[in-house]
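Okay, so subunit A shows up in both of these, paired with subunit B first and subunit C after.
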Partner chain A sequence: MRRRGRIAFALAFIAPAVLLYAGLVLWPLLRAFALSLYHTRGLSTKKEFVGLQNYTDLAKDEIFRTAVTNNLKLLVVVVVAVTVLGLLLAHVTEGKGPVAKVLRSVYLFPHVISIVVVGILWQFLLHPSIGIVTATFDRLGWKDQPTWLGDPSTSLLSVAVAFVWYGIGFYIMLFSAALKGVPGDVFEAAELDGTRGLHRFWTITWPLIWSIRRVVVVHAAIATLNTFALVRLMTNGGPFRASEVTLTYLYEQGFQPNSFYGYATAIAVLNFLLVMGVSSVILAAFRRDPQAVRR
Partner chain B sequence: MKALRFGWRGVTVLFVLAFLLGVTGPLAWVLASSLKSATQIATDPWALPTTLQWDNYANAWNGASTNLGRAFFNSLFVALATMVVLIPISAMAAYVLAKYAFPGSKAIYASFLAGMMFPQFLVIVPLYLTMVDLSLADTLPGLILVYIAFSLPFTVFVLTGFFHNLPDELGEAAMLDGCGHAKTFWRVMLPLARPGLVVVTIFNLIGLWNEYNLALVLVNSEERFTLPLALAKLSNTAQYTSDWGAMFAAIVITMGPVLLVYWLLKEKIQEAMLAGAVKG
Partner chain C sequence: MNRWYVAVVSTLALALVGCGGGSKGASAPDVEVVSFQGGYGIDQFEQSAKEWSEKTGKTVAITGNPRVWEQLKPRFVKGDVPDLTWPGWGMDTWGLIYDGQLLDLNPALDSPPYGATEGKWRDSFDPQLLALGQYEGKQYMLPYHVNINGWWYNKKLFDQNGWKVPTTFDELLALNDQIKAKGIAPLTFQGQYPYYMLYGFVYSWAIADGGNDMWKACVNLEPGAWNNPHIVKAAQMVATLRDRGDFLKGSLGLDHTTSQLEFLKGNAAMIPCGTWLYSEMENVMPEGTEIEFMLPPFVAGGAGDPSAVMVSIEPWMVPAKAKHPQDGIDLYKYMTTPEKAKEFVEAKGTLMAIKVADGVKYPPHLVRPAQIFENSTYKWQAEFRSWYPRFSKAAEDAMAALIDGKMAPQQFADALEKAADATRNDPQVVKHKVE
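So, the complex of A and B:
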């Protein structure tokens, strides 16, 4: 009977959220795809439609290629590290001892203190004169250690270490939620069959947590492909582009002295396509439920 | 077999202790360094502070190079103003999406979900241009509006789940008692969704306190810097001026409130993080 009032109420209630979202998220999103087809220079000058030229230019852009390669290197290192370390540490947090208890309360610290703080913190941990990491290596007798962030051969690795330090807690949390989800009687049955330790892990735990494994790998892949603040604050892409990633290059093209908005947006679109491509590959590779095969 | 197991146990314990040191060590080092003089920081990174340099905090808060105190209040203002608008409008939208099916409601929900998937940087250039068009670039109200819009997907998603789980009979009973649609929402449903509101509020507050990318692009004037921008600037100047003490104090000031809130509300924050992670 109050059908009309019902719909009017629903529309009125949802309107503020939808309008803000459409105006400041969806509209710029549509504009992004259009903007990437223009040549632009700063705010004032006219823009010129050039079709796909920004994209063909990017395909030839050496710096952009370096950035994508660095992104993919970062992805592999980080995904492997967080899966192995995260799973190991998630097992430990299950324990009842005091160590497990302390671990449970601090492992998310790095993840909540802001990526900006993490970037600055690691910049100074690795600082050649005041850094405690360099000082420790020095005391241990490593006299010719590299200047971690200033050396092209170690700057990307340093960023990867900081990234793992920042992200690991989140993945420990995901894995321990998955481990809690494994029914206790499955483990009891395994125990009775004499399956324990690593064997129990490979035959029971690993197949049972397949869905979280997938979430972890996809999440870590997306996070590394969208790395920005950490690189900007630790190395700013240097030295000599050795740690340049797509988004630091986007920022350079879009917001540093010369603003090539069209070119920068084309980088954003390509990075988005890269993210989509990589996640689809991962999702396809992890698609099947290993339990379903056995049944 | 037994010896082997003990061996593994030993390795595990060592590994975990190394991890604990790796997490807490750097934070303890920052805290210790924030109380040391610049010369002491430069001579021995391992030394404990001899005389506590509280001046470092005063210098960071109100220093010549960067005014962290102002940035602190900017961040606080932006975060609170965002929440004041974000929470009601998300709750209203989430309630409608959970309880009122109308043509297009599924599409709206899907578009909010999509907002959690695509990266911010895809829209960052056109977003900046849109803010310039609206004369809202480099203003705090502009930043707040953007923060509200970009926080909507996650907030609506979590709250829709909460409203979905509230029994329909409650709303029907309230309507029979003479409440209108709106009154039913404000008086009956919203109070029942309190646990969800608490979770999204804390989670968003931490996220906004730490936000860097959007603020970097949308805010240029130093008097409107949020805390992460001011900290980044300060660490940059510290490289040239060697005012290390103030920089470490600034790091402590930035991460302190977040660590405190996290410590008090660990379970709730983890709940929200898990909800956000396993969404798709």
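So, the complex of A and C:
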């Protein structure tokens, strides 16, 4: 009786969280899965069950394929960029000079700006006639630079740059915390052994910050795969789909003002699976604690 | 004591508090109006509602929002709808019609207009524009104000340099050389939204060259209509402008407001856009700016009507599940009386799809559009952008590719035909036929 009472007591405390999670996350997810099996406009209760047709249509949809490919391109560029730059700049913030001080006080600025403002800001920075970036390149003698957001070969890259600019502060913060977490005596011991610079980084720092590395990569991957506002504001997916991503395509199909609501839901489900899949692969690849292997 | 019992009870209590509430206020209005709140605001509608309310003794509640369709969609699904609405450009109004969410207004149109005992309300509307709200013989949408599409030119620049508004494509090319000699780009466009370029360049020129029947075949998605020689020729005209460097560099990356700003600043002499450009950009217009509306230059020797103009309506509608549809209709009848229409024109500066009382004074920027609209013997529309969004988006992608030099004119036309073919054969898409 006493034990049963304890279990019930525990359950009573877990219940609110479980109920909220089930009601606000699991149930809508299941509903979305269900809705993706229908043709519906999302404008009335009318819907027609079509089984997997939305998915078979998506498999043939060239634009969807372009969007997923663009998502993956963004993923690679952004994840590599934030990891390399984030680590590099985190090292810089560790210094004692004026550069480190300035960097420490400003690096989080872009990240606290609303993403919508970031999108508009970058649209102006890259503006062909009044943009600071374009004007600077022009001054430096690059006369036939591309129209960054209007050229299919540079529009996606421009979005990636804006994304990295926006996100980098957060990753510098994570890496800084990780670097501070490495015990000082480890570095001292390494120094006594004559290990410095890059060698010290690869043999000491890099293995010791494995857990943060994993967090950074997974977080950046999820954030890029869920990109919407930046693309929508900076290029609207164009020109001619060159920077289309899954969520902007979803928005186009479900809202704008089309109402292929079931189809859009199928895109949402596939994007969910894509994010889950990619995160799982990354978690698996970065799973092992290198220290554990050595023991 | 039973601690777990206390915990369960308090959890349930919390949950109940969370789910509770939300009961509606007691004094529901007689008529609920939900309106798009864009550049024209909703103050004129509020004023009309107030007057109608005083005349009828019924209460009206009006709410507006710049993205009102987002609020309306779930309400339509739930069946909790207003009695009269202008849901704005983001609403899939044809979807509402297919799903049976709108009321057929034919009986109302056959009844007398506001305050009259005879005559038909129908006669208050321009019949060509009324037709844009019909589907399968039923009238689901009623026009209010109307936009016409064409080009705008920088009148000040033109006057200063003694340039004449081009009436044909050849005149345009000659003029563009003079404009470029001054270091100004002849044209810019809303590159992120290629339908502006489709309306202002390709469709306009194809219709000028090929005539009304060609356009009807296109709108009806007849096989071979979209890659006919007139479409190819119109695309070739765009390619000519592109190759001559007549477009402002980088326009493809600009959205509507930034490109329009380039035009207003005098960096480009002309831009394709609808009559709304003036009110859309009024707040950021540099001081001393003078702009004027014009028809796209005609194709010399073309089979089309030189007075042809593209129109689009801003429709109002009554939901099928409205609680007081007759009151909603009566209020709209009041809003569409010639006197109220005159007030709207003078307050907001727009063309109307309804008869306006005599002596109306158009604001200066609207005088020319009003003339063009009145003198036009052929009003064409591209409503298929809402009927066939996938076709339309494919056309937009091809448009951007054409203007970027990634597609040749024939390829462009073939891409449109391919997209038309896909839509024609898609059983999911409801087809429209224009007579």
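General remarks:
Please note the rule applied: the second predicted complex is superposed on the first by the 265 of 295 C-alpha atoms of A that agree within 3 Å, B and C clash if a C-alpha of one lies under 4 Å from a C-alpha of the other, contacts with A are read in each partner's own complex, and residues count from 1 in each chain.
One rule holds in what follows: a residue touches a chain if its C-beta (ideal position, glycine included) is under 8 Å from a C-beta of that chain, and two chains touch if they have at least 3 such contacts.
Small disclaimer: the values here were computed from a predicted structure and weren't measured.
Once the two complexes are laid over each other on the shared chain, residue contacts for A:Gly5 go to subunit B and to subunit C alike. In the overlay built on the shared chain, the residue A:Glu252 is in contact with subunit C alone; subunit B does not reach it. In the superposition on chain A, A:Trp165 makes contact with subunit B only, not with subunit C. Counting the residues of subunit A that each partner touches, subunit B and subunit C differ, and the larger count belongs to B.
By the document's definition of touching, neither partner reaches A:Leu52: not subunit B, not subunit C. When the two complexes are overlaid on their common chain A, residue A:Val182 makes contact with neither subunit B nor subunit C.
When the shared chain is aligned, subunit B comes close enough to touch A:Leu108, but subunit C does not. In the superposition on chain A, A:Gln123 contacts both subunit B and subunit C. Of the two partner chains, subunit B and subunit C are each touched by A:Phe13. In the superposed model, A:Gly42 makes contact with subunit C only, not with subunit B.
Judged by the document's definition of touching, subunit A residues 5, 9, 11, 13, 16, 43, 123, 129, 255 lie at the interface with subunit B and also at the interface with subunit C. Of all the residues in subunit C, the ones that touch subunit A in their complex are 2-4, 7-8, 11, 14-15, 69, 73, 76-77, 79, 89-92, 95-96, 98-101, 191-194, 248-255, 258, 262, 267, 386, 389-390, 393, 397-398, 400-401, 404, 406, 428.
If you check the complex, the residues on subunit A that touch subunit B are 5-7, 9-11, 13-14, 16-18, 20-21, 23-29, 31-32, 35, 43, 85, 88-89, 92, 99, 102-103, 105-110, 112-117, 120-121, 123-125, 129-132, 135-136, 139, 165, 169-170, 173-174, 177, 197, 212, 215, 219, 222, 226, 228-229, 233, 247, 250-251, 254-255, 261, 264-265, 268-269, 271-272, 275. Listed in rising order, the residues of subunit B touching subunit A in the complex are 5, 8, 12-13, 15-17, 19-20, 22-27, 29-30, 41-42, 44-46, 89-90, 92-93, 95-97, 100, 102, 105, 108, 111-112, 115, 118-130, 132, 145-146, 148-150, 152-153, 156, 180-182, 185, 206, 209-210, 212-213, 217, 228, 231-232, 235, 244, 247-248, 251, 254-255, 258-259, 262-263, 266, 269-270, 273-274, 277-278. Chain contact summary for the complex, subunit A toward subunit C: residues 5, 8-9, 11-13, 15-16, 19, 39, 41-46, 123, 126-129, 147-152, 155, 235-236, 238-241, 252, 255-259.
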